[in-house]
Amino acid sequence: MNQSDSLYEDAIKQFAQAGHGHGQLAAATGAAKLDNPLCGDRVRVQVAVASDHIAAIAHDTKGCLLCRAAAAVIGLRAVGQDELGIEAITTGLESMLKHGSPVPAAWPELSMFEPARAYPSRHRCVLLPFRALLAALQESRRSQHGDIPVL
Amino acid sequence: MNQSDSLYEDAIKQFAQAGHGHGQLAAATGAAKLDNPLCGDRVRVQVAVASDHIAAIAHDTKGCLLCRAAAAVIGLRAVGQDELGIEAITTGLESMLKHGSPVPAAWPELSMFEPARAYPSRHRCVLLPFRALLAALQESRRSQHGDIPVL
Amino acid sequence: MSVAPASLRDEFPLLAAAPQLHYLDSAATAQIHRLALDAVVCHETTCRANVSRGTYRLAEAADLAYEQARQTAARFLNASSADEVIFTSGATAALNLVAHSFGGTLKAGDRVLISVAEHHSNFVPWQMLRERTGIELALIPVLASGQLDLAHLSELIDSNCRLVAVTQCSNVTGAWTDVATLVAAARKVGAKVLLDGAQGAQHGPQDVRALGIDFYAFSGHKCFGPGGVGVLWGRGELLAAMPPFLTGGGMIAEVTPAETTWAPPPQRFEAGTPPIAQAVGLAAALEWMMSLDWLQIHARENRLCELLIEGLQRIPGLRLLGPEASAERAPIVSFEIPGLHPHDICQVLDAHNLALRGGHHCAQPLLAALGAEVCTRASIALYSDEADIEALLDGLRFALQELT
Amino acid sequence: MSVAPASLRDEFPLLAAAPQLHYLDSAATAQIHRLALDAVVCHETTCRANVSRGTYRLAEAADLAYEQARQTAARFLNASSADEVIFTSGATAALNLVAHSFGGTLKAGDRVLISVAEHHSNFVPWQMLRERTGIELALIPVLASGQLDLAHLSELIDSNCRLVAVTQCSNVTGAWTDVATLVAAARKVGAKVLLDGAQGAQHGPQDVRALGIDFYAFSGHKCFGPGGVGVLWGRGELLAAMPPFLTGGGMIAEVTPAETTWAPPPQRFEAGTPPIAQAVGLAAALEWMMSLDWLQIHARENRLCELLIEGLQRIPGLRLLGPEASAERAPIVSFEIPGLHPHDICQVLDAHNLALRGGHHCAQPLLAALGAEVCTRASIALYSDEADIEALLDGLRFALQELT
């Protein structure tokens, strides 16, 4: 019955502890704050976008290990990506959690969240930083391009 | 299973048909209209009270046989009674229906409603004219005595 | 899938246990299907936990069951997303929700159009809204058949009209509403359309998108499911723009003493612990309904309805309410017999094991318009059979003898 | 009657079927008692019909069962009349009913006094009332223990105060409210008192008259009964003076297009088909509760609670929320462990078959006041036992190992 013993792999704890990207940006082009109202997880993401690509990212995350580890992955990996890329990874991650699809190839460390598949109520925890990042990117786009999609 | 075959005794049909007291009073001292909102039964009772006793009564009753028969009993028997007497008979009738108490001795024809004991939803039908009469008597008392109880 | 309707009765525990009973009051409450009851018991004994907040496996199972019930309801209605499905405590609660939440976006002078044929549950909430906000409440009149009189629709659905809220099918006359005409007229002026499906949903799965409507409400207990649960479907973009109605746990984003922000739909409209096992039971009933051959069932329901009407027409003086053509009505047949009160009729019928309802059926404005105050109603469901109809016609002969 | 509490677990089908499960989330939803579930099934399979309108025997049986359920609830609360008992869809619906119906009799500037310790279901409805009508919403603060701080009560309950609406027992800290003091202060100025009994009723029958209160609300699913049903008790004369909230079938005297008149309570407040089988099931649970020896059960619940608190206090850094003395709290124990998130704790506990809830427990203002955002909660009910507590303390040791 100890299904979740494997959930808290060392990778998750290490990422959560490392907290890559934790902090604040001096010159953000977009920011967003998202909550999970049901558990109190809260993520604030700032991005600095230049030429439609993420030049810098920072986040402030209060939450469970899953949420903090996911935020740290973003903090480590998001720089250099554009909105479409983040969208694809988020969709891939969601599909991995919900439907057992393969780990998004671009960010292989997301495999550490595979054990969370079995716990639908925790999917939100993993996805929250990704959704906050997408919201921050949208805000950045709107402020930079006057709401014209980046394509 | 034909429990209710005996409900519609000839007495009930005869009283309902006879409709004793159906009509209108020229000089009522009190009147009341009561509905059973759930089935549409509707009773309008007028009384003329003199020296605290019912001198004349009239009713206009739309309803089922039970309701019409009960109104006809009132039409036949109420004259000469005072409010306390009607109250006692109403309580006695309710107790006969709900708890199987004996038929109010003063008005023995109420025994025709005994088979209705088995049908709680029909108790209202039988009681409605009595309650309307009580309401009419109260109105009469208020208008005659300035709301001082008749005792 | 083809189902021999004669066997349907056995699938309903109460009917199976009372073979002598002729239950003809399904418009008030339909009997519960075995699978729906089993689903309730199974949920309560294996998955019971509160939803949306727990992370332990039992709570995950409860969540999953509840959200799957939402998806089943969405499929039953052909909604574009399960997020458009709100579980309520019943059709009345669903209609009140719209009258308060959507109603809260209306202003004095806006028109809400209902009809004379509405059940009180889709009548009084709009009267109350009129009192609260000064909307104008207009009424579509009815023809002598009880069908909505759509002759003057262009005057009724004018540019002030924000909402047309009508019954899909009358609970007294069985008359089906001509939804397409109403939707077309409403579209022209941008008015929304709510359909009170309390009497519609028990006659088969719905397609809210094909109907072109904006809101649909129905009750579980009339659809072979448990009591205490109902469904409001609303178009996503409308729900997203509506304020909540009931408030409390589960429907908020954040609460501070100063102010509170709302969760997105459907949670925004499900304050407090929802009727979880009841939703799961309803979903089992809806799944079962979706597995049926409705062409066959409708043919059968119509045949029984015609059989009944033919028999009733042979009773001297009896007045039938509702449309002539059986295609224009659900199998609900109400009638008056001069000199006989429905309560007395139903009482004698009961002695012959016939369960029928007499009264105003919570539709006083309709009865007044039809020149009746009360009537006797026989309502047929998919488990009804010829024996029920024959027993009713026999029973009425007894009633005539006994009551006159 | 004396009951050996060790055997109580067997009376709850879910717990009986899962001997390995340590269910410590009864404050969210208690497990259903066998008799309550049986009563639902029995009602649905032998007495199912709509209530208050039918005259056939099945409908009479449904009516009788429903009205007997009302009487049982009245006895559970020691109400002076069953007419004071309104069945709702749950505590949240009951609280919303008061906020709308009684709230509808208030005017701008009238004060409603709630507390910082309220569940969102007794917080947000009053915020909404403030928005609708301009009442003043005042808050009783809490002490560090989570108990209401009644030091400045005479300022809070001033002559503008019309209603004091507080929880009987916090769903986070378990702190019992000092009702007597509040009632005495409210009486002085003629304010009414509502008690949110959602967490109180599961710990035994109540005496609303001895409490001296005016409204009491609770949910069936937290009292070993079915979901989808709750109770609002209100003093007869108050209910009689209140306008309805939800409107529709069953609660009216007469409906005409021009206006509508209301039925007397309790019908006035029960629009639409009520949760009939659920009320019957709840009544079976309440009957069972009334047969128990509550002195014995409270002693046992307190002992378990103390055992748990002692064990928790041995965990370094762990912060307990709530009163010190177990007599001042219901057996609900919430705590924080620095650096560990409740969701992660609950996840590891789940792997050890412990069902606990982490989060804000729909009480954000209280958690903010206590300087916490989220916490982990263990809630004990009459079927809990030593093994549950020991398993939890062991599980927390595992969690500490695994998560750090």
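A, B, C and D label the chains in the order they appear, each numbered from 1.
The working rule: a contact is a pair of C-beta atoms (placed from the backbone, for glycine too) under 8 Å apart; a residue touches a chain by one contact, two chains touch by 3 or more.
Being a predicted model, the structure only gives us computed values, none of them experimental.
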| item | value |
| --- | --- |
| Any chain in contact with subunit A as well as subunit B | C, D |
| Relative to subunit B, chain with the most remote C-alpha centre | A |
| Distance from the mean Cα position of subunit D to that of subunit A, given in whole angstrom | 38 |
| Inter-chain centre distance, subunit C versus subunit D - centres from mean C-alpha coordinates, in Å | 31 |
| Whole-Å separation of chain centres (CA-atom averages), subunit A against subunit C | 44 |
| In subunit B, residues with contacts to at least two other chains | 3, 38-39, 119, 122 |
| Residues of subunit D engaged with two or more neighbouring chains | 53-55, 57, 59, 252, 254, 343, 347, 350, 358-359 |
| Chain-to-chain touches, reported pairwise for every pair that qualifies | A-C, A-D, B-C, B-D, C-D |
| Interface residues, subunit D side, partner subunit A - complex | 20, 341-344, 347-348, 350-353, 358-360, 373-374, 402-404 |
| Residue numbers on subunit B that touch subunit D, as the complex places them | 3, 35, 37-39, 119-122 |
| For the subunit C and subunit D complex, residues of the former touching the latter | 13-14, 17, 21, 23, 25, 28-29, 31-32, 37, 40-41, 44-46, 48-50, 53-59, 89-93, 95-96, 116, 119-125, 127-128, 139, 219, 221, 226-229, 246-250, 252, 254-257, 259-260, 271-278, 343, 346-347, 349-350, 354-359, 362, 364-365, 368 |
| Residues on subunit B engaged by subunit C in the complex (per definition of touch) | 1-5, 7-8, 13, 38-41, 62-67, 119, 122, 125 |
| Interfacial residue positions of subunit D with respect to subunit B in the complex | 52-55, 57, 59-60, 63-64, 252-254, 263 |
